[in-house]
Amino acid sequence: MKSTRLMAWLQPAITGLALIGLWYAVKAGFKIPTFVLPSPGEIAQAAWDERGPLLSAAMVTVRGALLGFFAAVSVGFLLAMALGFSPRIKASFYPYILILQMMPVTILAPVFVLWLGQGLPSIVAITFMIGFFPVVANTTMGFVSVDRNLRELFLMCKATRAQEVRYLRIPGAMPYFLTGMKIAGTLAPIGAIVGDFLAGSAENGVGGIGFMTIAYFSQLKTPALFATGLVACVMGFLFVGGVNWLHWRLLHSWHDSMVKKE
Amino acid sequence: GDKPAATAPAAAGEKPLTKIVLQTDWYAQPEHGGFYQAVVKGYYKEVGLDVQIVQGGPNAIPTQKVAMGATQFSIGRTDEIAIAVGRGIPLQVVAALMQRDPQAIMFHEEGGIGGFKDLDGRNIMAVPGAGWIMLMEKKFGIKVSVTPLDFGLSRFMADKKFVQQCFITNEPYYVRQQGAKPKTLLLSDMGFSPYRVWYTSRAYAAKNPEIVRAFTAASIRGWTEYISGDRAEADKIIGSLNKQMVPEFIAYSVGAMREFKLVTGDPAKGEAVGKIDPARLEDELRQLAAIGVLGQPVKLADIFDPQFLPEGLRPAKAAQ
Amino acid sequence: MSAPSLVRIEHVSKRFGSGPLVLDNIGLTVERGEFVSLIGPSGCGKSTLLRLIAGLTEPTSGQLVIDGMTPEDARELMFFVFQDANLMPWRKVAENVELPLLLRGDATARRTERVKRMLEVVGLGDAAGKFPWQLSGGMRMRVSIARALSVAPEILLLDEPFGALDEMTRDKLNEDLLALRQTDPFTGFFVTHSVAEAVFLSTRIVVLAANPGRVSTVIDVPFPYPRPPELRETPEFLQLLAATARALRAVRGGH
Amino acid sequence: MKSTRLMAWLQPAITGLALIGLWYAVKAGFKIPTFVLPSPGEIAQAAWDERGPLLSAAMVTVRGALLGFFAAVSVGFLLAMALGFSPRIKASFYPYILILQMMPVTILAPVFVLWLGQGLPSIVAITFMIGFFPVVANTTMGFVSVDRNLRELFLMCKATRAQEVRYLRIPGAMPYFLTGMKIAGTLAPIGAIVGDFLAGSAENGVGGIGFMTIAYFSQLKTPALFATGLVACVMGFLFVGGVNWLHWRLLHSWHDSMVKKE
Amino acid sequence: MSAPSLVRIEHVSKRFGSGPLVLDNIGLTVERGEFVSLIGPSGCGKSTLLRLIAGLTEPTSGQLVIDGMTPEDARELMFFVFQDANLMPWRKVAENVELPLLLRGDATARRTERVKRMLEVVGLGDAAGKFPWQLSGGMRMRVSIARALSVAPEILLLDEPFGALDEMTRDKLNEDLLALRQTDPFTGFFVTHSVAEAVFLSTRIVVLAANPGRVSTVIDVPFPYPRPPELRETPEFLQLLAATARALRAVRGGH
């Protein structure tokens, strides 16, 4: 038990060290200058040096990412539920949801900024736009993949459409939904950063990570730039960790993806 | 965000100040210094205005915001405004913030470029669709390809042949810090010289000429002082709003503004802080029309009305 | 005033897509309170016939009338024990049994009580908190039976419910089923491969022939209810058993 | 049969008309000027007026999107296969794939440009970066969700790990994989547009859709800007249509998501 | 020189997680060529015992030795007919039967021939091109049987293979199974709920008691092979049948 716990940490740690080694080797081998690709050490150093601004920027971005993530997951889920509710609704709306998804967010950003104002609301809207479709696509697929025998059971139970959705389709679609949520989780920090980029406002001198990215980028502080990436990753891991925990909570007792031998 | 970004405490016991918003085009930086100066020194308040400065960013869409009335004033270049007016966006140029635009191209000393002609066949990182590129191609009979501007500098650093659009007050500082030897050519040197101005919407200007005049006078006062007087307090605000604006950098930027006479212009040519020469603006409109970037024809009167300038800066009627 | 028959199956034929005929001109009229067993070789269409009665599939020709309604409308009255247990993997045993009661809006107390009782009938009182994957095959099937019984439907369709059970459990459940009919009377359609079971439970046995599925013989079972377990040892029972087995053997022909 | 076919077109068409009506109403009701939100008619007009540049830009972008999409799908699939192959590999590499996904692409773009040069290769790399994770996440989930009973069957067959992957996990994961592919399909045009933005070059004056987007934006040609969005959507629909066709091909004969009553 | 026993089950106990004991101190030694039937009440651990032999689950204590190897290593020699058909939904019937042959690398010609033959044995020659969802429950089970037979393993583990089949099909498959043993001899472990089937097929019958599962009685079946169908009517057979049924009834005790 203890040793598998240890292994669970050791494995990625070993790969991590190997990748860092590779990074140094590539950097040295190809003579890549720091202003293009800093070494991990330089990035760590920059992250430490800039910890103050990075931390306050992270706080700003986390807020946008969290709200956008919840919006993407909940609206995406509800949308998928509506689409799964009847093939008619799906035929009517799915194409337009696709259009919304495929409209480059850069084009819509000005509309958001004008309607919602610069700052948090627009950032949340942009994060939402970037993250909601994976939730919709996965959950919809989960809804239509329901076991046909169970569907017949529900027919025999005279289940209403709403009951079928609640007791059959939603639990059955959980593995799909959670996968969509995982993707949305990795996209949320990126979405908030892009949102910061497209609609952010650096009020009181505190911009988000996207602001810092532009600042470092335009000032050629490349190690610090990569440090913003590091912060984005840390945020992403928190999201994914949360989703993984939920995955475990919801599926461990019954789903094939979670069963160990015995 | 609508929290006051840079308002001095309201002076007590006077008649209520008129609230107006100035949306800048980027995060706080010395290129906005005069406005911050006017705020901290209370020049706006003296003329009955409570000015809130909202910082911009890559996607601040100031033209749309001003046209929609979301903010009263913003800053930009006259060519941008002419294009906007040509597309039916009713804007009104008020006064010049800079006589010469700080936009330039930046290249390496080793890059083998002496003048605009040498750019033929080169790749330039610039904003796609920018008017100056078309003008340059036409004027020098050259052809360039454009890489979209990404606000970054690492590619410039990595490639000795790289050419990049920049602010003369900005980017050269950073690449020099990293050991590059940048050279620059101001875009105005090729005979295309838009003003950098503050502007409002036509509707606002028509309804509130007094406010526009007051704002303009106070801004010119702020700018004059920022460039040649004690700017310590304004710089402190800029530094607090945008932590990237460290004193050395501000000094560099202001130095560049002074060196290239961006704000003050050349008094020998009759230029002054805030002043706009209608003839020069008209010439610019002709240039823009020639390259076909204006949607509909734009006449001088469509974008500019000298009546908002202080008395002394207005062109003599006879000169027209 | 004679009540109309509960289930009328008239000239029903069924083929899937462009496949061969699965059921050919089935006719069968079943009165309220009957218990009809369907026996026949594997693949002859027994499950399909039950699914037609339940309205889960449509006849290619002919019609079914259930209590004067179409099968779909009459689902109110029916419940189905499917050939495979058909449990929801994310619901525990008790929750699976509870599901139809929950869906039709029974009160919590009543649900709990009924679930408990039915799980005891099928001998799974201890397993209420287990997930389906923790059960043996026979236990899963028993959960499915408990689920159907808890509904106490007017028409119960049972598709080989006891196939995965040992003889003793099976006999006991046979008796329990009959006992339950005394309190909650239902009309039964029962698919089985056990002739003894068919004879013990039914009022009538329909022997189906295969390729295409059609009614070969209908055997009346005259024993009155309640039927005591000892019935199985009586000569009359054994005689009918033998006759039914013969009828079944006959439909398989030379095979 | 005929009439359901017709309905399949009629439904979305009706919604489409309703949405367009809503658009006009909102625009008129809120007095939204064209330079913020053009009307559908103005967008169509602009698309027609600019058909020349838009078409040649679309050709450029389609190339990048197609290549990036295939890279994302195939590499994503292989990656998921590798991850599904052993929990050890998964533990070792999954976190780093997450990091790659969560690193804002703006930060990596200069590295790509330096290594791959400006233009197509970098655009493809960026498209890949944006699209591969949904494929990986979905396919991995599909791989681990394999029916435990079938897994035991393969154990009894003495199947090698590779056989298990080929004959059990891959077919079993198809519904998940296709969903990931669908998401990647909607992201591919967006990816190519962003790639154009970050690493494109308008040689001979012909940029991609991303380039046109910025150009129209900076020239305040708002209807034309939205027309580029239209082009992006059309491209996206072609991708999604292709994936839907594949979905039908692979699953219609057996999967629950595809079975009609009977 | 006496060959060692093929299967040795020594003091094997099994519990799942922290649940109750499922199998308690099972001991059983089986020689090459035997055919051992396991009978017992539902949930007594029959499937679990087969899974232990197949190495699909590990004993909590005790050990299993198969031909001198651990169960996992000995899987080479075994094949399993699972309690539910366990077909791959995306493969047609013939492809499902073919799978184990494909996986072990048989040549195409041999695979095709064997699949065809085994589908005929189970009476599904016509259904080769169908998908599992187009089959009846009994047909699915027969596909699963055909799949196991096509492998011709040395040890065949059969978990209620004939439960979903009618008596005639069942009897026929019983006979086919014995006939196949003449050509491809295998050692069989066979779970069934039909005592008659157990007596007809086996060399030994192990009666398991439940809660926890343990060996209650072992009954030797002395009839020589080949066993003709008529054996079922002989008094010796019926006598042993009655004795086995009694033994089975005994383990259920008061229940």
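Lettered A, B, C, D and E in written order, each chain numbered from 1.
Definition applied: a contact is a pair of C-beta atoms (placed from the backbone, for glycine too) under 8 Å apart; a residue touches a chain by one contact, two chains touch by 3 or more.
This structure is a prediction, so every number in the text was calculated from the model and none was measured.
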Touch-network distance, chain D to chain E, counted in steps: 1
From chain C, the most remote chain by mean C-alpha position: B
Euclidean distance of C-alpha centroids - chain A vs chain C, Å: 50
Distance from the mean Cα position of chain D to that of chain B, given in whole angstrom: 40
Cα-centroid distance, chain B relative to chain E, in whole angstrom: 87
Multi-partner residues of chain D (at least 2 other chains): 36, 106, 110, 114, 148, 197, 210, 217, 255, 259
Where chain E touches two or more other chains at once, by residue number: 16, 84, 133
Residues of chain B whose C-beta touches two or more other chains: 64, 68, 150, 152, 154, 158
Chain E to chain C touching residues, read off their complex: 16, 19, 39-43, 46-48, 83-84, 123, 134-139, 142, 159-160, 163-170, 172, 193-195, 245, 248-249, 252, 255
In the complex with chain D, residue positions of chain B that touch it: 63-64, 67-68, 83-84, 87-89, 123, 127-130, 145-148, 150, 152, 154-155, 158, 293, 295
Chain B-touching residues of chain D, taken from the complex the two chains share: 33-36, 106, 109-110, 113-114, 118, 196-198, 200-205, 207, 210-212, 214-222
Complex contacts: residues of chain A adjacent to chain C: 149-150, 152-159, 163, 167-168, 171-172, 174, 253-255, 259
Chain A-touching residues of chain D, taken from the complex the two chains share: 7-8, 11-12, 14-16, 19, 36-37, 88, 91-96, 98-99, 101-108, 110-111, 114, 133-134, 137-138, 141, 144-148, 175-176, 178-179, 182-183, 186, 189-190, 193-194, 197, 210, 213, 217, 225-226, 228-229, 232-233, 235-237, 240, 255-257, 259
